[in-house]
Every structure is written in C-alpha cells, then in structure tokens.
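Two complexes follow with chain A in common, the first pairing it with chain B and the second with chain C.
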Partner chain A sequence: MLKLRESQNLMALAGIVLLAILISPVASDGSRIFLQVGNLTDILRQISLIGIVSLGMTLVILTGGIDLSVGSTLALSSSLMAMGLTRAWPGSGYAAHMLYAIAAATLAGGLAGAVNGAAIAGLEIQPFIVTLATMIGIRGLAKWLTNNANIDIGFGRDVAAQFAAAFRQKSLVIGSYAALAAVFWLLLSRTVFGRHVRAIGDNETAARYAGLPIRRVKIVVYALSGLLAGFAGVLYAAGNQQGNPNAGVAYELDAIAAVVIGGTRLSGGKGSIAGTIVGTLIMGVLTNMLRLGNVDSNVEMMVKAVIIVLAVAVQRQRRMD
Partner chain B sequence: MTYRGIDAETRRRGGLGEFRTVLARCALRWTPRLRVSASVMLAACLCSCSTPSTTGAAKRYFVAFSQCNNAEPYRAAQNALMTKLFAAYPDVKLVIADAQQDNSKQVAQVETFIRQKPDLLIVAPNERAALTAVMGQAMEAKIPTICLERDILQPNYTTYIRSDNAAIGRMAGEFIVDYLKRKYGEPRGNIVQMRGLLGVEGEINRDGGAKAVFARYPGIRIVAEPVADWIQAKAKDRMTEVLRAQPKIDVVYGHNDPMAIGAYLAAKELGREKEMAFVGVDGLAGDAGGIQKVKDGVLAATFVYPLCVDKAVEIGNRILRDPSFHPDKQYNIDATIVTPGGPQ
Partner chain C sequence: MPELLRAEGISKRYGGVHALKNASLALHAGEAHALVGENGAGKSTLAKILAGAVRADAGSILIDGKPASIRNPVDAQRLGIGIIYQELDLFPHLTIGENIVVGNLNFPEGAWVDFRKVDAFCRPFLDRVGLRRDSRQMVAELPIGQAQLVALARALSMRARVILMDEPTSSLAEDAAERLFQTIRELKQSGVSIVYVSHKMDEIFRVCDRATVLRDGETVDTLELPKTTPGALVRMMVSGLDVGQVGNLRGGWQPPRGPIANRPAGFQPAPLLSVTNLTTRKLRGVSFDLRAGQVLGIAGLVGAGRSELGAALFGLDRVHAGAIRLRGIPVRLRSPAAAIRHGIGLVPEDRKRQGLMMDMSVLENGAMASRSVERERRALEPLFRQLSLHCPSYSAPVGWLSGGNQQKTLLARWLLVNPDILFMDDPARGIDVGAKQDIYRIVAELAAAGKGVLLASSELPELLRCCHRILVLADGRVAATYTAAEATPERIMAAATGAHTC
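The block that comes next holds the complex of A and B.
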C-alpha cells in the first residue's frame, strides 16, 4: 500500500521532471537550462528550507496533528541567530561564537515546539488552536526582540561574515537537508518511536489502551518540528544575510502542501518521509519549470493549487480502489 | 538567430513541437494511469499557453524585471509604466516576476533569471541585505543589472537609478515648517509621523530628512510616530490610538500617501480632520493616488516620488543597443511637490 503510493508519487515527479526538461528554454550553447547543474542545485537549495521544515511537519501530521507555528519559529530563530552573532558572546573565538549562536537559535525553536507539544498533550487542546496561538505569539516575540527591524549580518569582516559565507554555500544547505532527511527517514521507519508516531495517528484510543506513551511522543514530535524550523531559521539567516522577524510568512502552508502531496494523510497514521521529500521536490521542480518558462506568478499560484488538489484526489482514488 | 540567452527557434521546436508528440506518447502509455498524468498535462497546458512563442529573425532582447511586491500601488504603477514603455520596442520581450514581499522568493527568482541569461536584468530589491549577494552573482554572470529605487549594501549593479528620499524628507520638513509659520506666525506645533516598514531605506531617509529640518526649530514637537508598515488600514488603527492620546495635533506627516490617508480617515471618524493638515509622499496618479487626494482637499501636499522607470527604460535600452555605452554608477531623479495649486 505504502510502496504503491510512493511509486506513484515518484512517477508524478518523474513526469514533471520530464515535462520540465522538454519545455525548458535552451541556452545559447544549446544546452537545456533546466538541466544545467547550476539550475538543478538552485532548485535543491531553494527547496531545502521548506524541505527541512516539512520533515518535522510529516511527523506532526502523522500523529494526526498540525503545526502552524513553524514559519514564526523560523523568523524567531533567524532573528536570534543574527542577535547572537552581533550582540552576544563578545570575545569568544569565531568557531565557538558561531556554535553558541546556532545552538541558541535552534534550541529556541525546539523549546517553542516543546511548548506546543506540552499544551497539546497536557492541556488536550486541539493542535490547530495551540499552534495558531503560538504562530501569532512567536511572531510577536520575534518582532519584540528585534524591535521590528531586520538585523543585517555578514557585510563586515567579523564572525557573522564567516557564518554567512559558510552556511549559505549550496553544498552545506543541500547537505544539511539530505542528512536531516536521512535521519528522519530512519527515525520514522526503523525505530520504535516511529512506530508509536504512526500508531497514535492511526488510532489514538487504541494506542492509549496499548499503553503507548502518547503524551511523551507528542511533545517530542512537536519539539522536533520546532527544532527543524529553528535550524531552517539559521540557514535563512545565512542565506539572506539577515535576521528577519517577518521571515517565513506562510511557510507552514508550503510545508503542509509538500506533506500532503507526498501522500501523508492529514488525519494521521499513514504517510512517509520519502513521500514528503518527493512532494517537496514536485513543488520545487514545478516552480522552477514555470519560472524558466516565464509563466506569470499569479498563474503559478493557480497551477500549484490545482496540483495540490489533484495529488490528493489521486491518492484518495487509489485508496478506494 | 541571434536571440541572446534563449534561442527562440530551438525553444519553439524543443518547446512545443517535441512537447506535443511526447504528450501524445505519454497519453498512450499512461492511459491506465490517466489520473497521475492528468496533473502533469494540466501543468503542461498552462505552460504552453502562457509561454509566448518568440518569433522573428531580427535581434531580440530579453529583459527580466524582478519586482519586490506587486501588491503596493507604487509598484503596480512601476510595472504598468515599464510594460508600456518597453511595448514601444517590438524587439524587446519583458518578463516581470513578483516576489510578493518575500526575500527568499525574490532571491530564487533572480537566480532563475540568471540561468536564463537575460540581456538586461532589472531588480527592485525587497530588502537590501537579502538581495546583495544574488545581484553580485548576476554581475559575475556578466548580465547588465539595473538596481531600481531601493539600494543594496554593495554596488552589485551596473547602475542604480534612485530618487533621493532624504531630499524628499527635507522638502516635506520645510513644507511643514512653512505651514506652521503661516498658522501661528512662528514655527511651532505638534507633529505626528506615520512610519513605514522599519529598516527600509525609504523609511529611514524620509524620516531622517524631515527630522533634520524639525531639529532646527525647538517649538516643533513630534508627539507620536507609530509604525504602520506603509499600509492605509494599519495607519488608520494606529492614528485612532494617537488621537485618543493627543488632544492637539497640527500636522500628520505620512511617509507615504496611503498612511497619510489612513490617518485622515481616523481623524474624520472622530470629527477632528479640520484640526490638522495631512502630508504624504508618493504622489501617484489615478483616482486612488495621492495627487487626486490633494485635489480633493484630503492632503495638504504630497511629494511625487518618481517611479524611476522612465530612466530605467532609457538607460536599459542604451545598454542593450550600444555596446560602447557606459552608464553612470548612479542616477538621481528629483521629486516634485504637489499642493492644491498644482505641481510646483
């Protein structure tokens, strides 16, 4: 069943890649622009942030939950990253300074996620409501901390410049995404924790009777989602050379779209990391294809809307067959 | 076929002819899996419809414009004027991409443009820090790049076409000082500033320019300066709060017209709009623009912040057509004041 769904996603991806190759404009040297190594790695780098966020989102959705706060968490983390580099830990060595700042920014994301998880598991409030509240609250915190202004980094010759230069490299960004994807794939498919995540989403009552540590699993899942959003914020700060309290608006929706296109059921229980990766790639390749074709950006949004509905409709049909 | 960047002939053949046969082939092979291919085909149709096929044997130019946010009226006016001006050149194909006020989105768009090797790239950066590096990549790829209106942190452009926001701030400041002198016989009074998105060059300089003037007159006080992010609706809310707190206001200086208008609407709701004068910046044409609002008596003055697009098209065309032309590193476009008596 899962295998079938994944192969089907892969086929959809292959179809879109094929289409992108066919309609790609051609450079003056005769090569197809879509297939240029630079362009292909552009795509991977551009999807990496949403890709990383959507790994955590997959776990959350598998438990039957949702995390609307990831965009705000990314903004908070990017702001903290820039503040850490420019305003904290003076006098420490470059490497240590960078490490502290990255750890602080990422862990703040993890903490925000843990708060989500604690409220959802402990107070038994619906995930949609809890994370809607933290989406607003964390955005406010980021804006308050930065006084509503961006913090530009990396234009001098300081630790921030070193950080931006290192963490904006394509190889590092894509490498981080690949490594995290591998870790989360293993976590979900090869560990007891992964089985618990699926079991809770499939049937929470049954999982409770089976004695699964539901609360703990939920808190960990939301904390992981926050950690990943926090790390994505670190990469955002490097890539855009700024801490930006207004960053990441609507990223949660892009991540949810990638997850559902990847075949994860929004009601939980069924789905996979591999599917989410394919879903992320489909959106990335589609965006690139339309932009290379100079399709109007408003039309781009309409096409994406249709793709999301079609992808889910196809999976639904398949389940009913 | 000398269409630099994208070879039109190959593009048409490779793009559509081949594409149709493959679609047919796909349809045959995938009939049982029509549901999957349906999504793909739909995307295909939309693509083929919206990608203009480029014909003509003469030299053609591809001009790519990355606009930071179509949703602002000023930006929409820029797009409209640029489309109109380039339409006079049939050998130019202009593509405008909208970054929807998102730095990452704009970086990605510029990256994709760089792959397409346009003959001219125009970028209206959303924010300075985020766009600096990617515009450097465009320069490295030897693409002539015009930085439009907002600046970036390093000179990663062929030329920068700008209007001087600090000068506009000073003009607005002087206008307000004159107004207060007429009102009281001396330069004194209470001023409210409606501020745009903090950290943006336009906001910094429209603010700084005016404050430099006010600083010379100890009788002039800024009693409140709420941040309304350039948005009329937000300005109305923020101004309502200010009106509750401030019993006496002489002038509201909005860093753009929509915010000045939002402040006016808030004052009108409380019946206080006659008490104070409203001054804006941007001076767009059209019914919803600031110039009409000056005519209507809503604004005491607006300062026409030039779209900079005329100059960009002029300089851009010279870059395209004259290899020996070397533009200046920077062009300044002057602002003009509009009062009920007309432009001055």
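The block that comes next holds the complex of A and C.
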C-alpha cells in the first residue's frame, strides 16, 4: 500500500528523471548519456554512502532528535579501517584480517552512537547539543589517531589492496545500500521497535503514559545511526583507497536534507524509510543531471538549496489543506 | 454492591497551591460514578492520580480492600485502571490498531508486527465502541470524535475494571455520545466501574448512579443521584465559596459613580466595545457591549471559550463572522499589533508560556509592548511602585520573582501601553492573596479611569466582587448575562453547566 505522501515524492522524482533525460547530452552513437547503464549505476554508487547514513538519520529524526556526528563518525571509521588493515592483526589470514578490521571500524561507529544515545536519554541533554559535541570530539579523535594524515591503502598486493578492490565494486556498494535499506524499512514498518520509534516522536507524553521504554529506544536509535555511519566509513575507505580523518565533512547535512526532502517531519513522529530513499535519489539524480550539463558546482549548490526549500514548502502546503 | 476501589486522604500540591486536600472517593463495582466540581476543584488531578500519571503527595488507595501502590501508568494498567484523557493522548501517526496495542499488557507481541493479529485483537473492541474503520488507518485521518472512540477501545482492550473518563463527550457528536452511554451501561452490567468526570448535568443524571462533589480540592459529599436534583448538586459545588474573602479590598471598592453613573437616563454614547455575532473556530455568535468605566466578567467552564474570546479581540484568532466595533466604528483586527494600535490589550491566561520572557529582566518585560526600554524605564518604575511590585532589582530576570510579582510585571506592561480596553484572562490564578488584592485594586482603578475591562476568570467570587456585569459562556455561546445585582454562584454555575435547562 503506497501512501499518498510517498506517491507524491515519487512523482517529484519522476519529474526530475524526466528532466534529466530531456536535457541530457547525447553520445556519439545518438543515445542519451544520462540513460546509459554506466551512468545510472554511477548515480546509485554516488548516493550509497549518504543513503546509508540517512537510513539511521531517519530513525533519529523520527524520535524527534538529530545526529550531527555522523560525518565525523564516518571519518573515524575510515581511519580505523585503514589502520586495522595496515597496522593490526599481522598474523591472521586475509579474510579474517579484513573481517576484524571491518567489524572494528563499524562497531566503533556503533559505540560512538551509543554514547550519543546515553547522553541524550540518560542526561536528558538536547540531541543537537550532544551530537554537536561528539561531532567535534570524534573528528578530533580521528585526527589524533592518524596524526592528521591520510592512510593510503590499495597500492600494492597486500590485504589492504585486496579489501579496497573488493569493497569498491559498484555491485557491492549498491548491494550493501539496497540490503540495508530493506532491513531498515522492515525494522521501521514491521517491528514493534519501529512502532516505538515512531510513537516517541509522535507524542512523547503519551509514550510515557503507555509505559514505553523511551530511554532504551533512544539509545538503540543513536547506536544504529552510528553503526551505519561506521559502515559507510568502511565503504569510504575502500572507495577512496584511504583512511581519511578529514572525510565526511557536512555529510550529516546532506543526510538531513535527504530525510527532510523525503517527507519526514523534523519534529518527529511522521516519516518513512521509503521517503528517505526517494529523497536520496532526488538529490543524486539532480547532482548527476547538473554535472552532465557541465553546470558550475557552485550553481549546483544553489539549485539544491532551492529544491530543499521547495520540497518542504510543498509538504507543508499539503498539511494545511 | 461490593466496594472496588477506595481512595482516602489524597493530597497534591503544585508549588504553593493545593490541588487536592485530603480528598476521598469510594467506588462500587459496576457503578457509574460522577466526579463533579467547579473549575480547579481537583477532579482531573484526582483522576490522573488514580491513573498513575501524577503521583499523590499523601493518601492511600485500596483495591478490593487491599492497599495498592500506583506509581506510574503501567502500575495502573496492571491493577485494571484505564483512563480516557480529555486531551486525547493518542499517537496521530500510528494506525488505529497500533494505538490500541502499543504498551498494552494484554497484547503480548514478539519483535515483529503482525497487522492481522493486531486487527483481530482490536476488532471486538472497535465494534463495541461502534468505530467502523479499518484498524490500519492512521488516527490523524479520523475526526476528533472518532479518535476519542479509539481511546475508549484502548481502555476496554486493557480489560480495565475501572475506567476513568475525563469529559468524554466534549468532542463527540450526539449519536457517538449515545453509543458511549450504551457502552457505559453494558460495562456496568459486566461489573466494570466508570468514573465520569463531567460538567454536563444532563449527562451525569442520565448515566451515573452516584456523584462525588469536590470543592477546593476536598471531597464535600457523595450523593445517590436519583435522590437529588441538578440544582442541588450545583449548589453543593459552589456553596461555601467565601465570597467575602475576596472582597476585602484595601479601602474597599465600589462600582464607579461619577460622570458615567450621573449621566441622565436616555443618554447612551456608543459603547467602547460592541461585539455582535462574533464567530471563530471556538466562538459561536457571541454578542455583548462594553462601556467605558465598566468591568465585564467572563464566566464559563474550561473550554467554554473564555480565552478564545480574548484571542479574537486581540487579533490572534481569525474571525469567521460577526463584527467588532470600537466606539461604533467597525474594525478588523488581523494581528495583535493591530489590536494594540486600536487600543486593546491582553493579559494572557498562561503568564509563563504566553506572557513573559522568563530569562529577561523585569524592566525589559515591562517595556516589551512599548518602543524603547531606556525611554520607558522612567515611566515603568512609578508603575511598578503603584502595583507594589517587589523584586530585588528591576534588572533581575522576571523568572526569579514570585507568581504574583510576575503577574504585576505583565500588568505593568499594559499600564504603560495604556489601552482603552484590557482583556485580563484569569489574572489572579495561582498567586498569593496579597497580590490578588493588588490586582483587583488595579482593575477597579482602570474602570474608574474610564477604561473598559474584560475580566475572564474561573473563580466565581472574583467575578462577583469585581464586575458590573457577568457574561456566562458555555460551549462558545453566551448562555446568560447577569448584572452584579442578579448574579449568584448558583445562577452562574447553572448557566455554565446547562443545569437550568434540564
């Protein structure tokens, strides 16, 4: 059952895709470059990282919170990934070594998120402030651990190169995003946990009166957000062949934009994973369209700004009807 | 009938105000028991304590004769106490079914949602309350009356033995209310007890077996309803209210004589404010006149439209129909700024939320509706003294002050603006007796100076002492208008509760 809100988002996406097809440059064989399989899969790969981060962001925003620390968490995780591959577990086999490093980098992200959640739920500090602090602190940690230097991987024949080669394949990156999107869609719409997430953001007083485990749900939601940012950091390290403590700057803002364009209310309670996926796709197709048209990247930012305001204005209009 | 629940010696204070003082309630199995009293008598607080939403400071609760401890809503649910709140505590963006099962101890769920199981669980309860809707529909899509039925279905599904209903018909259409009464009768037959918090006398006498009357947080008496009358019940709610206590004003105050009273009969200047057929989202065809030098009281129960009248006159609520005339000239008030330009001021009901900037200084708050702080400083200080406003320093945050001094700061804001018409919404609520006297004195002085004052209040003695005329609102309409000579607590309450029509 497709809800009205999502079908309208889909129509916006269809409109932008149609526009992209129309203004796409034409290749020498007469086909439109936008529609070439290589270009379409490029779009999907490019949105995957933000896409994965925005899945967690959707849950956080649904509870009425915000997570500004995901960009820093991604940088920490990519750094830990590169360090794990180049400096830890020297004796283990390739497969085990890769697995350890991935697990360590991802779990570090989850831990960072759990710290966010504990401070928000336990100390009752506003999510904006807590995650602003961890945004700064985690970035510092990543820089300190790496001496503020990129750690290159993927040049040579060692485990790091093998990891990068495997985890930067389009199919794996897009496949991870698709699988995680499916899991989080189920989590939010088909589990009791997902219902509690939506209920808390919808009416926290009623949630308390109904005896819901508000603190536990919040801690888990922020931990999941961190976990996803951590995994996105793993993919970042492979894709860029380096651990980078300066990676992911402003990713949190792109993720929030995707969630909001997808129709999730910033005050919580109302929204969906499907909407966020559509919002992410809208941003991705738009970027691709403008780049194919050789539009200045500064103009690209201005166009995105207009799209964000338009999307939310249209949703607000609908609510008032 | 066996006794199901007994609450004894229940007390609850909010700050310095006693919401409940040693209140008690005894509930038989299978009865519908009305809980009645004036605004602020403590009905809702008592219901919330029984439901675990509020913790009592003192008192004991017995269920089936055994002591019970209700510390939170889950405890109440385990003990079989369900509640339907007036301010619907539902989740608008969850489905009907999800609203019924969320946190419901009678519906054990694993990790996964099974909408068919949810639907099967909810169906009998939805049928019972007569809500013919798909349980997968979102509550936000329902009209408010149907949302209330979801709350009732939720309480039923918890297999509650006691269901507390706080003004359950306030947003129900007539047929839905009829079905609610039928459901209550069926529940009684199956041994469930209902605590029915309401102001509507006709409903209470139709549905309930007994009634407990609260006054000023204390239980006055419990009556067998068939053996009494609406009039007697209303008298019990208001009698003993000490009218004189409020009236001991310093120097006393009399309705102003002088120029206005001395005008020859027949000479009628256009009233300062004339409202005809005023209709907003809440008001329905309200008409009245306010003359210079007059204090017009606005009485009515919670939700009758007192504050909404202020909102309409102050440009906050859109006026759907009707006219507002100032000295005979029609005006359209589209914003508070426009209202202020036309000489109308509003002292709002909730001074913390609607009135003051709590972290800003007394001076800044006083000057808030004027142009400049510096220029007004010299004008404000005499006003503060005139109001006997006590504070360590006029530069101190207004949040540090007592409620009474906060209210005086708010009043000073308007005295500085000096409007012709001042709407004061419950200005003496939650403040100490001395500050109340000061505020009543200012009301009298404003009237004596030829201003028009609208005084909305939930305290009848206050209205009876301060006002020349009293307008009683009920359900957004003018139910009655009394002159100071005609008005009595009984008459006002009867008009406000609709008891005089049944």
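Here is the rule we use: the second predicted complex is superposed on the first by the 319 of 321 C-alpha atoms of A that agree within 3 Å, B and C clash if a C-alpha of one lies under 4 Å from a C-alpha of the other, contacts with A are read in each partner's own complex, and residues count from 1 in each chain.
In this section, contacts are C-beta pairs under 8 Å (C-beta built on N, C-alpha and C of every residue); 3 or more make two chains touch, one makes a residue touch a chain.
These figures come from a predicted structure and were not determined experimentally.
Chain B and chain C, once both complexes are superposed via chain A, fit side by side.
Applying the stated contact rule after C-alpha superposition, one finds that A:270 touches chain C and leaves chain B untouched. In the superposition on chain A, A:204 makes contact with neither chain B nor chain C. Within the superposed three-chain model, A:294 lies in touch with chain B and out of touch with chain C [touch as defined at top]. With both structures placed on the common chain, the touch criterion links A:25 to chain B but leaves chain C unconnected. Once the two complexes are overlaid on the shared chain, A:158 sits clear of chain B and of chain C alike.
More residues of chain A lie in contact with B than with the other chain of the pair chain B and chain C. Touch criterion met: A:195 reaches chain C, while chain B stays clear of it.
Once both structures are fitted on chain A, no C-alpha atom of chain B lies closer than 22 Å to one of chain C. Residue overlap on chain A between its contacts with chain B in one complex and with chain C in the other: absent.
Touching chain A in their complex are the following residues of chain C: 53, 72-74, 77, 89-94, 98, 102-104, 109-113.
By the touch rule above, chain A contacts chain C in their complex via residues 189-196, 198-199, 202-203, 205-212, 269-270. Contacts from chain A toward chain B in the complex involve residues 8, 11-12, 15-16, 18-19, 22-28, 30, 32-33, 36, 38-39, 42, 46, 49, 147-150, 152-155, 168, 236, 239-242, 244, 247, 249, 286-299, 302-303, 306-307, 310-311, 313-314, 317.
The residues of chain B lying in touch with chain A in their complex are 4-7, 10-11, 14-16, 18-19, 22, 26, 33, 35-40, 42-44, 46-48, 50-52, 95, 97-98, 100, 102-104, 107-109, 111-112, 115-117, 127-130, 132-133, 153-154, 198-199, 227.
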